[in-house]
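What follows is subunit A paired twice: with subunit B in the first complex and subunit C in the second.
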Partner chain A sequence: MPDPKTNRYQYFVSRRQNGEGAGGDGSCEHPLPSVRDALANIAQQHGGSAPQVKRLAGYDRVEIFALDKPGAPGQPGRAPRYEFYVDPLGAADGEGTGTAQRPWPDLDTALAGVARLDEQGSIPLAPGEHMALSVREVFSATPIDRRRRRTETIAGIVCGIMTLLLVVPLVLILGHLVVKAWPALSVSFLFENPRTSMTAGGIWAPLVGTFYLVFISLLVASPIGILAGVYLNEYAKDNWFTRIVNLAVVNLAGVPSIVHALFGVGAFVLFAGMGESVLAASCTLAVMTLPVIISSTKEALASVPMTFREACWNMGASRWQTIRTIVLPNSISGILTGVILQVSRAAGETAPILFTGAAFFLNVPDKGLRYFLPYSLDDSCMALSYHLYVLMTQVKGASDEQIAAGNAMPLEHLQYGTAVVLIGLVLAVNSVSIGLRVYLRSHKKW
Partner chain B sequence: MATVSTLPDGPRARRGTSSRFRRVPELLIEALIRLCGWSAILFVFGIFFFVFREGAPFLFGGLNLREFFTSSKWNPTANTPHYGILGLLTGTLAVTALAMAIAVPLGLGAAVFVSEFCSPKLKEGLKIAIEMLAAIPSIVWGFIAYMTLNPMIIAVTGAPVGLNILNGGIILALMSVPVIVSVGEDALKAVPDSYREAALALGASRWELVYRVLFPAAKNGLLAAVLLGVGRAIGETMAVLMATGHANQIPTSLLDRVQTLTATIAAELGETVQGGDHYRVLFVIGMLLFVIAFVVNLTADLVVRGVRGKQNA
Partner chain C sequence: MVEIEIQDLSVSYGEHRALRNISLSIPANQIFGIIGPANSGKTTLLKCINRTIDFVDTAKVEGRVSLGGQDVRKVSSVYELRRRIGMVFPLPVGLPMSIYDNVAYGPRMAGMRHRGQLDALVERCLRQAALWDEVKDRLDMLGTKLSGGQQQRLTLARALSLEPDVLCLDEFSIAIDPVTTMKIEEVLLELGKEMTIVLVTNLVQQARRLAQQTAFLNNSELVEVGDTKQMFTKPEHELTYDYVTGNIG
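Coming up: the complex of A and B.
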């Protein structure tokens, strides 16, 4: 039975065998009758024919204890009465003697040697005493080493499982949504307007509304965000004011989305007099997504090497000329990544548009130019995310007769279909951003 | 030599006048850049100002602050309305606490795995997966909570309704974990490689490197990661609205339904009369949320700056 701390294998031998110890397994309670039996046992357990895992390796140690009576070992801390060594590399040619200077070359030789000494009677063990056979191997791991490696492996596996616990739900959720939405998904689902109190038709009107919101918020947010990023990376000095600006960006990113909605109501809907409109909702989304653009622009600009700018300044270019002709062109892909991320975030948000311009239902014409451009800036619009919310909370499903007659779709299909289109839209946009980043990294100029 | 000596008052003088004109648009655009740079401050103040502007008349005229914070009676539409947010506060805290109990170990473990244990290729893939997790819109999370997690919780725990703290906590944990992973990974990455090399040279295993060297060195960044996760969880609206069951009570068990601050605003603002007490008290809650988010973010920022200052010194 090995002790994991010191890798010691202990065998117990009782001199007073008188039959009672015979057939013992070498444990303290059932000792073996003689040292010879113990050696035979060791040879069987760890010798040349034993499986790989049980063979003795560096720093392993076998101890044979002599017992007064079963179950009563001697003082555990005492040094062994006799010590023998096995060291394959340190063994002199021919047979060793088991001493530290002339160790035995392998375990089988060692056991034979000990057995010979035992037969000669030159290694008598008084009760309470023990002998030890240590295996020494250069470059093999010590027990402490092995324990540390084990901890390392366990830590790696645990961390890996934690990571897996994040990835698995993602896959499950996406798979589940797509499977559930499959009956609803079709081209007509995308391009038809919702009909018969939203129990039939598709999601064209909300989809266009989302495009409206995203596009206008992009028009508002990206110039401000990109210029702010330029300011922070190219103009701002390293002082307290810049620190406050940076802090403001971080805080803007951390403001809860529902507070953005309240801000939108207070500032755009009421104060600016936009009313609940596409414009107000887009402006709210723009403020909300501004920090995304600012920080990714900053990052993209910071990755342009300083030497590029210095070279340009040395040619006599002004600061703005340098930015316009050198810095921006070299970081445009990174900036685009941020802008695209803004798009995906704006498309998915619901809370900020709840009270600033999202409509429960709007009648969108099925034909003509108004089919493609149904909303005006000063009027509210439908949006995909809000449409999903409405479908979940306020729409009553169609009756079975209607569904059977083909006049309506089951509510669940509509819900899952909408959710999948929304998530697909967002993830597609995100994938573009990721793809752009990967492309950018592989085509780096510096 | 003669041509060189004429240069100063020849071409250069002319270039001076023309560049003065050329600098006008440049000055304009630089002014615009500065203005945009400062806009972040403007917007933060703007948010507070406009939310305050709508909430202030009731905050200073009529709202019983003592009742507001100490009573759990939220009944704004009754004949004698009660505005006590204790139930909403505890609801928010309970869901956030459960979410963090799940998300912090998972997030930090994943950050360690991504940054220290896995191969570069796997790392790239995992980071993309985590970004995808972050990209799922909150209303879709709410949808998943409502349609999928709800029956699962009913089946597993036997609760009558699966929309409760447990549901909200799991959903919020999954939503805030990407923040924790990415900020945590950045914090681990920011530890100088010389620390790693020194530890490995002394014979540390990778786990000892993480536990004894990287954690102490990156503890501020990791703390900031956790704080940002908390901020995200407190501020989340649509998902918790759908997931927590939206019932105002002080929770006593994981299977209790709760109502959060954010969800209250989202659910009730549409039904209020503009300018009424109910309408204004929702803006007061908005102010409270803004202040909480501000404090959390400021603390996270100070925590990170603190370590940077120390390293510079």
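Coming up: the complex of A and C.
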């Protein structure tokens, strides 16, 4: 009887049959009278080409147990007394002896072979013993393979579900934001300044402020970060000093942004005398983004194979010539990707600019050059992230009359509108980075 | 006419001794073969000649290598030294730039800008490396897109681009087919008349075909050096005999 877990089909044989005479189905309780009957049963169940047969596949095993009396299977864990094999590729001359070295070519031959041996009396089974016939099909999965395939499927499904769990919140958050913000979203929302105690108008002033901060912070951080990365990857020898610097870079990336803010207040606002200004806030953001720019630069440089550098050195090129002509041109896209990813980080952070240059509200002219360039470097400025914080916690919503009169927007619309613009900005920048990465991969030069 | 003198050269990478007290004199304008099993220090020896060993932080070098009587440790410009020595390493390295730029790289880094001169030089080097006919119509193709054998010849062309006095080849034929190897060997025999060639090879028969003199390195030490014919017929050391006849290695 088949046991699908172990790929075993077991038939039981007993000469003492409780006086039932012929019959029985080969089960432990109703054994067959002789090995020959068992073989006939097997042939019927698995042999030939009848449509109802369950053909034996690779690593399936047929076992014939000799029983003392029905229902007493002896010691099931013991190895079989006799083992025979079926393997279509086994015997070169088409016939075999059933041994592991010279297996029978197919099941029918095997059954006939076993029957012949049984007739000759050369495979006597004492009660409790059994014989086994293993089918080894070509290129078929072993039981281990099958188990592995099952594990594989489960692992795939679990990982897939986890991925879905990741996507679902993103879609929900975005959907929620966009739906809530929909009434506020318009072109004028982007290009108008906040009015009437920030209950009406748009978000132009904080939007421009965010652009200022991001642009200037990258202007400060990129050259320092990229050149430091070049030094660490190309020039620095592997000694304790380099290791300390690398450790510092890694740890700096893990410093909480509010601590960066405190450092910014101390170093830029007070010590350097910048005051609470665009410059101080940008510098603080720059310090925050530096470690990641350094690490991504190092990574991009390290992806250029060493053999290229060696080939250049052998041509008498100096280190800098090699960096300029081979290393940088082939890693610039990777470096840029790292820098661009920092744009979104700088745009989103609130803490570092909180004490160093973000303004609660600033009156920005509605037209003229000052509309486009409202802040100078030593002014403080509005910024999207901080503006959102202010809208959430500081602004009292407009009264229903004002809203009905069209003089103000419901506070919720303003909040969600600002959030959507901020996240839209971040996502747009990230897509640019992804696009660059895709372009880079398709234009790999080696 | 540049001969190479190596006196008592020892190199260690940390604990590992890569070369032990090697003394060799490589005569000018002929092919000098260096044979020996893997890890016997052959590549390290070449790196000491053009001082690219400097780029290996852990390497410690003792002894003296001199080119044309000038100690390489004391040259005023290591870049000029490297320009005088062409290098070809086992695995072909096409730089990620066009075939033309690959060959013109060295001269450009050395300050050559004149387009006509560069054109002539690129053609000459590619012809010398037996590659010109295959690539003359696609000089702007990426060098990295060439096949392995072509890239190795491109590497050779690049090594020749600065008209070096010394050409060092490190198992150059490992990644290329026998036909291309024979083509390059013919080129080398021709070049050997006008420059000093150091040929490091795993194929003892290649050394036998090309080199006038051969040195046998084993286990970081110089076992024997001498006339190639004698090395392959009546070597002084039993180890050398076993190696060249294929009994070991």
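The rule we apply is simple: the second predicted complex is superposed on the first by the 289 of 446 C-alpha atoms of A that agree within 3 Å, B and C clash if a C-alpha of one lies under 4 Å from a C-alpha of the other, contacts with A are read in each partner's own complex, and residues count from 1 in each chain.
In the analysis below, a residue touches a chain if its C-beta (ideal position, glycine included) is under 8 Å from a C-beta of that chain, and two chains touch if they have at least 3 such contacts.
On a predicted model such as this, the values are computed, not experimentally measured, just so you know.
Enquirer: After the match on subunit A, would you call subunit B and subunit C a fit or a clash?
Expert: With subunit A as the common anchor, subunit B and subunit C both fit in the superposed model.
Enquirer: For A:201 in the superposed arrangement: first (subunit B), second (subunit C), both or neither?
Expert: Neither: A:201 stays clear of subunit B and subunit C.
Enquirer: What is the contact status of A:31 with respect to subunit B (first) and subunit C (second): first, second, both, or neither?
Expert: Neither partner.
Enquirer: Residues of subunit A touched: more by subunit B or subunit C?
Expert: After superposition, B is the partner touching more of subunit A.
Enquirer: Between subunit B (first) and subunit C (second), which, if any, makes contact with A:237: first, second, both or neither?
Expert: second
Enquirer: Have a look at where A:310 lands relative to subunit B and subunit C in the superposition and call it first, second, both or neither.
Expert: second
Enquirer: So in the superposed three-chain picture, is A:318 touching just subunit B, just subunit C, both, or none of them (first/second/both/neither)?
Expert: A:318 contacts both subunit B and subunit C.
Enquirer: Considering only the touch criterion stated at the top, classify A:105 as touching first (subunit B), second (subunit C), both, or neither.
Expert: neither
Enquirer: After lining up the shared chain so the two structures overlap, which partner does A:96 touch, if you call subunit B first and subunit C second: first, second, both or neither?
Expert: Touch partners of A:96: none, neither subunit B nor subunit C.
Enquirer: For A:326, select first, second, both or neither according to whether it touches subunit B, subunit C, the two together, or no partner.
Expert: Only subunit C is touched by A:326; subunit B is not.
Enquirer: After the two structures are laid over each other on chain A, how near do the C-alpha atoms of subunit B and subunit C get, in Å?
Expert: Shortest inter-chain C-alpha distance (subunit B to subunit C): 7 Å.
Enquirer: Please write out, lowest number first, the residues of subunit A touched by both subunit B and subunit C across the two complexes.
Expert: After superposing on chain A, subunit A residues 318, 321 contact both subunit B and subunit C.
Enquirer: Touching subunit C in the complex: which residues of subunit A?
Expert: Within the complex, subunit A touches subunit C at residues 237-238, 307-308, 310-318, 321, 325-326, 330, 445-446.
Enquirer: Spell out the residues on subunit B that touch subunit A in their complex, using ranges where they run on.
Expert: Per the touch definition, subunit B meets subunit A at residues 23, 26, 29-30, 32-34, 36-41, 43-44, 46-47, 50-51, 53-54, 105-106, 109-110, 112-114, 117-118, 126, 128-133, 135-140, 142-144, 146-148, 174, 177-178, 181, 205-208, 210-211, 228, 231-232, 234-238, 242, 262, 265-266, 269-270, 274, 282-283, 286, 289-290, 293-294, 296-298, 300-301.
Enquirer: What part of subunit A is in contact with subunit B in the complex they form?
Expert: Where subunit A meets subunit B, its residues are 148-149, 151-152, 155-156, 158-160, 162-163, 165-167, 169-170, 173, 176-177, 223-225, 227-228, 230-232, 235-236, 244-245, 247-263, 265-267, 270-271, 287, 290-291, 294, 318-321, 344-345, 347-351, 354-355, 385-386, 388-389, 392, 412, 415-416, 419, 422-423, 426-427, 430, 434.
Enquirer: Sort out for me which residues of subunit C touch subunit A in the complex.
Expert: Residues 50, 52, 55, 57, 79-83, 85, 87, 89, 91, 93-97, 105-106, 109-110, 142, 144, 155, 158-159, 161-162.
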